[in-house]
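The structure is given below, and queries will be raised subsequently.
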Amino acid sequence: MIELINNIIGNIHSSTPMIRWLVYVMVIVISSVIVLSFALLYEGFATYAERKVAGDIQARIGPNRVGPYGLLQFVADGVKLLLKEDIIPFYADKWLFIIAPYIVFTASFAAFVPLSYSDHVYVANMNVGVLYIIAVSSVVSMAILMGAWGSNNKWSLFGGMRAVAQIVSYEIPIILSLLAAIIIPSSLDMKDIILYQSGGLGIFRWIIFNNPFTLLAFFIYFTAAIAEVNRTPFDIPEAESELVAGYHTEYTGMRFAFFFMAEYGDMFIVSAIAATLFFGGWQIPFINGVAMPLWLRETLQVVVFLTKIFVLIYVMMWIRWTLPRLRVDQLMELCWKYLTPIAFFDLIGASVWVLLFNGKGVYDILSALFVH
Amino acid sequence: MDAKQIYQTLSEKFTGRIKQFQENTHPASVVVESDAIVDICSFLKRETELEFTSMISLSGVDLKDQGKMLVIYHLGSIRHKHKIALKVELDRNNPHVPTVEKVWPGANWYEREAYDLYGIVFDNHSDLRRILLPDDWEGWPMRKDYVYPKRYHTWDV
Amino acid sequence: MGVLEDRLPENILFTTVDKFLNWSKKSSLWYMLFATACCGIELMQTGASRYDLDRFGAVFRATPRQSDLMIVAGTITHKMADRVKKLYAQMPSPKYVIAMGSCANTGGPFYKDSYAVLKGVDRIIPVDVYVPGCPPKPEALIEGIMKLQERIMEKKTLVKK
Amino acid sequence: MLVSYLSISDYLILSGLLFSIGVFGVLTRKNAIAVLMGVELMLNAANINLVVFSRYAETGLNGQIFALFSIVIAAAEVAVALAIVIAVYKTTKTIDLDKEDTLKG
Amino acid sequence: MNPYALEAAFFYLFSAMIIGSALLVVLFRNIVRSAFALFFTLFGVAGIYVLLGADFVGVTQVLIYIGGVLILIVFGVMLTHRSYSVDMFNRLGTLVMGAVSAIVTFTIIYYAVRRAPWYSVGYKPALPTTQPIGKELLTTYLLPFELVSVLLVLAMIGAAYLIRSEVTTARERSPITKTGDNDSGLTPEVSSTGVKERGK
Amino acid sequence: MMMINFSSAFIFIVVGVVFVAVTLLIARLVRPAEPNVVKMSNYECGEDPIGYSWITFNIRFYIIALIFVIFDVEVVFLFPWAVVFKSIGWIAFWDVLIFIVILLFGFAYVWNMGDLDWIKDLGNLKESEDKQ
Amino acid sequence: MTENSKGYFKKMLDAVKSVFTGLGVTIGYGVSPGREVTQQYPEVKREPYDRFRGKLFVDINICTGCTACARICPVDAIVLKTVRDENKKLRPVVFDIDNARCIYCGLCVEACPVDNCLYFRKEYEFSSYSKDELISHFGLGELPQPDKPAADRPSPDMPAQAGPAKDQPVQGKTDETRKEEGK
Amino acid sequence: MAVVDERFMDLNMGPQHPSTHGVLRLLIKTDGEVVSRVTPYIGYLHRALEKIAERLTYPQFTPFTDRLDYLASMNCNLAYALTVEKLLNIEIPRRAQILRVIMAELNRISSHLIAFGSLSSDMGAFTPFLFGIREREFINDLFEMVCGARLTYNYIRIGGVAQDIPDGFIDKTKEFLDYFPPKIKEYNDLLSYNAIFIKRLANIAVISPEDALDYGVTGPNLRASGIKWDLRREEPYLMYNELDFDIPVGRGEMGRVGDAWDRYMMRIYEMEQSAKIVRQCIDMFQQGDHIAKVPKVLKVPAGEVYVRAENPRGELGFYLISDGSTKPYRLKIRAPSFANLSIVPKLSGGVMIADLVAIIGSLDIILPEIDR
């Protein structure tokens, strides 16, 4: 869609630059609004899904009264939060307290930019896409610290400190495991990475199947990503049984909602990175090569991409409702003493593989073997 | 060892400081002098034949009609499986008894509770504060002549 | 006071809006994780698999800042009463209170002979719904919550009172 | 042909302004960490210069790479400087530069 | 309205952000707030980098400066923060001195910039920079590249050494000697029995 | 094109901020506001907070952040490497191997010195354990 | 801090294994949710068992006014006022049960000498907006009204009407009576 | 200017805190994450039960024992009944004894289920908690069938039990006994042997046998420390001496003897044993009265007794002084949790906040019993 409008801009190339730029800005604004509505819808739906999944796993039902199948639950929650009184504690640092939700939400939202939803549906093709996402989401830790410090509440401060320590620590294994994947397509551009994974029935050239090291890298990435978004078993920053509600203990109503939405937004982002880098992004399994009309292909691609993401999110929820949580020192230990060294060696291994087999994956090698 | 023997051991060791032996209670109880309680307790705990390793319970009792207060220590031994109760009689108007916290650390809270509810003061206690009731509560509620308060803070009781 | 709160004139549009707002309030009653005594166990059971309060969109929050509903489940002693008051105060409006069980209603078992128990939470905070029982069955609690929902629907949010 | 509204000097002035603010912070602050923040401002001003040159002058990417190295050095500097500050704080309970001779010397 | 106008607009926007927040950094009395104001300065600088076509540097700025160095600073502030030490500035004299020297510095820079004969190569199209930077790093700048590693390791070791002596646990200061153990690294084969016999 | 891409990022940021602001504005219109002293006080499980929460904080968090920053800087340098790695080949591999090995030396050092542990004086603990 | 490298990997493997065991349990529920556990309350109501102690009811017509129930009640939830009618029989003029105070212990039911006079119903959903509504009034009032079914006749203003009786009213347990009992 | 030691933070945990199991308040002196001292404040649920006992008659007090440890009301009823019966010196019919044992053991299971569940939710795993409650509902149903209440049973009375069991109770109990053991396996898979869970609990807050005795710790907590002490064996009441059951003792399976994991596991093992006992009791059933003849106005002979029984949480003792009237002169309740909690300050120097939660959870305290 965005590509489509890009085409239109191409067509009006002859028109004055001013109009071109106006149109271009308009396009981005519109697409950002579309992405925003999608993100909000997704975030709302994710909270509903979370409760449903929890319901399934816990042998109960979950929301089913509010609207059909409880589907309107998140609407009700959202509107209610809108109607809640807004409390800024008297002894809080008001500015920091107020700014924090802005940054948290915006950072999580801005990370949506370089995502590539299908061949032509994307907002922008950044050639530092992956790095951009990592950088933007690292801002979140700063914002959390602001909110936590600003609240002047001990639980918040604990939660904030823990959150920051956790988020920054786990960034290292995340980056390292992503690097193990990035050296294969040799690009940071999400679209390039996805295009690299085409072929092989739309499955076998996924980077995760490229070599054993990328497989391991995915598991490291996923573990660290769960920690990055503060979910069980790494939810110590908002550990209900220890820290009440963690860094957003003092936040009410809408301000709290932004923290909440950002959390689900981040889940989407980390899953999207995983889907892009390891699972072939919008590559449609099996029927990728089949000829079909453009619109159908695009739709399918979007659907496939989102499906991959939602499966990963489901796994995150599944894990959340299964495992107990780690203690803060164990969390650090896991990160620094297990994930980081392993990720380092994994990276070295992956690069050796790339050099030995000239960047070919297991599938390529095997098919080459069998063909000859 | 049954209670009788324990009583005999005790009265040999602490002649004159053991006041009375009550066999009809269950477990049998030995009434002792209040200032001897720490010695007796540590003896009971240390002595290998007795080995009262744990203090099961400590209760205060208000004998209003006799103008007395009682502190009752229920002791038990895991190894020998015997039990005994020690009783200390106190002056109701000025109940004082040394703490046995040093013997059984678990006594700490029991003594605080007895203090809280009966106003029995345990001398040398490390942290004698109210435990169950709020700090600004008035009176010793478990005493028989306690009058219920009418108002607390801003509301009616 | 919110700028629009209780300001709008009564007409079809605004009453519908109000209805919608009330609907959202009633459909998303997040209750505070606050249980003192035996009734708290039944409160837990209500939230658990068999009765599943989540069906009504009611989930628990640990902090009063994010809760709408305080279910006073259990005995409130004088020592606790100040804290209850404080917790209630720290909840953002609109907020509701359900007194669950005899203790919260009137002091229940401790009405007569206890010096330490508050004789009904309504002495310190306003109560919307009283749920009798000692402890009330989870069904009874759910019924109480549904009663509260009915009451929320009758209220006015933006329309002039 | 469109003419850029911005010239290299605009960027340089921005960096100069940032630099002078940094100077002000370094000179006036009593708190060691606040001084450090002033230094960070100055470093950032310098980095802007580097990147500007790589854009406007015939230096290729060298400016950017220098900026990268400068960021690295800043990170190392902050890490060590803060460690010193904290170590001093833990022993003297103050990081007030007026009272603290160890930090001055 | 043209791309350059857009660039100019962004430039002024980011400049305003940088200068405004930098002023806050040096003027806030509350050092925690200063540290948080630095966030916006650094962010603005990252914006400027991107504007100048240095996308990799810009992103690095965000990642390292905001996501790393700034957090370090904030932690440092929190570690040395005393709730009652509010007065952060020197006496008025110093303040005036500082202001004067800042203004003098700026004036010098300003005139230097204005006077200098910038023979600009003009506006170069911005190209992806990550690959070239990588190539450069591994060829021309190989030695500095390796030195970076050495430098960082040294910095890490040094900093860790400096504060290590300060790390004590609460147990040393704890009024209560404790009997329990808390498992940290010392676990005697905790999970070696991981999934052994269930129940009884 | 690059600037265009980043300007879209910028527009996203603006839209995000505007969205938050607008939502809060709408909320301000409809939400009640009944502040009182107790409500504005800080939550601490129903008690009055004791002391100040803005106190100096534990140094362990600083060490974590410190090590992180160093690693962060290092891995950022790996990104340009990663994208040219395949084209340069073995030389790039050895270059970076040295780079990483130096880093790992530092890492081994901090690990060995116990900077990665949360609680460090395990010495006493060991003794007490041996005694039992 | 030298880790035994074998232990290092073994620990990791065991941890991963146990985590997957746990995940196996939950995915079992995840794919086939045991939803039948949940009773969808307002629609599905499980009938309480026969002995369920719900709301208290009095068949006031067969109540002898013996006050046994009021005396045994540990919380004084029953307020009972009786007068002697013309046949010298005790007549419960006021019989209020405060459901907000009752602890549903069943002592009164057991104490009642008349079969099926005081009994628990299986009713438990009677929450209300006001505490007064939770008091059920069963008293017969001053005038005999034998034609009306008395069981759950609402008579909210009954206590007010129950003016001074001819005979000395036998009151539900008060502090004084309590003292007598306990000596 | 008050100079405080700023290295330490005073933190209130509770009275309203998700993991203090009611209204316990812990004042924590902490240095960041590490706790240096914990001071429990109790009494927020002090309901003056001992005073109430002095103002009510003996039978009237039975319902109040329900409120003592409401998770094990039957056991509390039982201990109280045993106490009064000891003074009354009456013989309890055999059928009543069997019924009492069945109820006591069923209630032990349901109480341990809550212990299991709340510890798991303290550790951040919410699902096992709901599973525990799900099984508990089954027992609640059984109890509702017998006595008409789900939590406050008032079933075991002085002289016997209130009513004979209704038809169908035996079948339903058998059904439960078949249903339950597989669930224990599920708990073990899900939680007990989970590596994270073990890591959180093993070697945490080790109670040495000496400490346990010094502080009067009883019940599963004492047994976890390696002392085989169960009043059902040591001072058999009812017909426990005829029954065949094991007394699990802490063996330090995952760490040291008497650590939190051992304490947790005691409950799992005891649930199995209780199920075994119930099964035996059902086989032993015989016809007979359900209650001995007890006079309507109960006058208890003057005397003093201390009677104790093994409650799910340890030794529940009633010290009763009777002056021969219808009301107790003094009834002292020796609550197991009171002693169990008093060891917390000793256990928690130098642990982390998250461990504190584990300690409280693994001790399985219950507040109404502590505060009375």
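For clarity, chains are labelled A, B, C, D, E, F, G and H in written order, and residue numbers in each chain start from 1.
Basically, a contact is a pair of C-beta atoms (placed from the backbone, for glycine too) under 8 Å apart; a residue touches a chain by one contact, two chains touch by 3 or more.
Because the structure is predicted, anything quoted here is derived from the model rather than measured.
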| item | value |
| --- | --- |
| Most distant chain from subunit H by Cα centroid | D |
| Pair with more cross-chain C-beta pairs in contact, given B-H and D-E | D-E |
| Distance from subunit H to subunit E - Cα centre to Cα centre, in angstrom | 54 |
| Chain centre separation in whole Å, for subunit H relative to subunit A (CA means) | 46 |
| Inter-centroid spacing, subunit G versus subunit D (mean Cα positions, whole Å) | 73 |
| Geometric centre distance via CA averages, subunit H-subunit G, whole Å | 25 |
| Per-residue overlap in subunit E, given as positions that touch at least 2 other chains | 2-3, 6-7, 32, 53, 55-56, 60, 63-64, 67-69, 71-72, 75-76, 78-80, 82-83, 128, 130, 133, 137, 148, 152, 154-156, 159-160, 163, 166, 169, 171, 181-182, 184-186, 190-191, 193-195 |
| Per-residue overlap in subunit B, given as positions that touch at least 2 other chains | 132-134, 141, 146 |
| Contacts with two or more other chains, residues of subunit F listed in rising order | 2, 6-7, 28, 30-34, 39, 41, 43-47, 49, 52-62, 65-70, 72-73, 76-77, 79, 82-85, 100, 111, 117-119 |
| Interfacial residue positions of subunit E with respect to subunit D in the complex | 2-5, 7-8, 11, 15, 18-19, 22-23, 25-26, 31, 34-35, 38, 41-42, 45, 48-49, 52-54, 56-57, 60-61, 64-65, 68-69, 72-73, 76-77, 79-80, 85, 87-90, 94-95, 97-99, 101-103, 105-106, 109-110, 113-114, 118, 120-124, 129, 132-133, 136-137, 141, 144, 148, 151-152, 154-156, 158-160, 162-163, 165-166 |
| Subunit H residues touching subunit G - in the complex, by the definition given at the top | 55-57, 59-64, 66, 127, 134, 141, 144-149, 152, 154, 162-163, 166, 186, 189-191, 193-196, 198-199, 325-327 |
| For the subunit A and subunit H complex, residues of the former touching the latter | 54, 57-60, 154, 158, 161-162, 232-233, 235-236, 239-244, 321-330 |
| For the subunit E and subunit F complex, residues of the former touching the latter | 3, 6-7, 10, 32, 47, 50-51, 53, 55-56, 58, 60, 63-64, 67-69, 71-72, 75-76, 78-83, 126-128, 130-131, 133-135, 137-138, 142, 145-146, 148-150, 152-157, 159-160, 163-164, 166-169, 171-172, 181-182, 184-186 |
| Touching residues (chain side subunit A, partner subunit C) in the complex | 51, 54-55, 58-66, 70, 72-73, 75-81, 83-87, 155, 240, 244-245, 248-253, 256 |
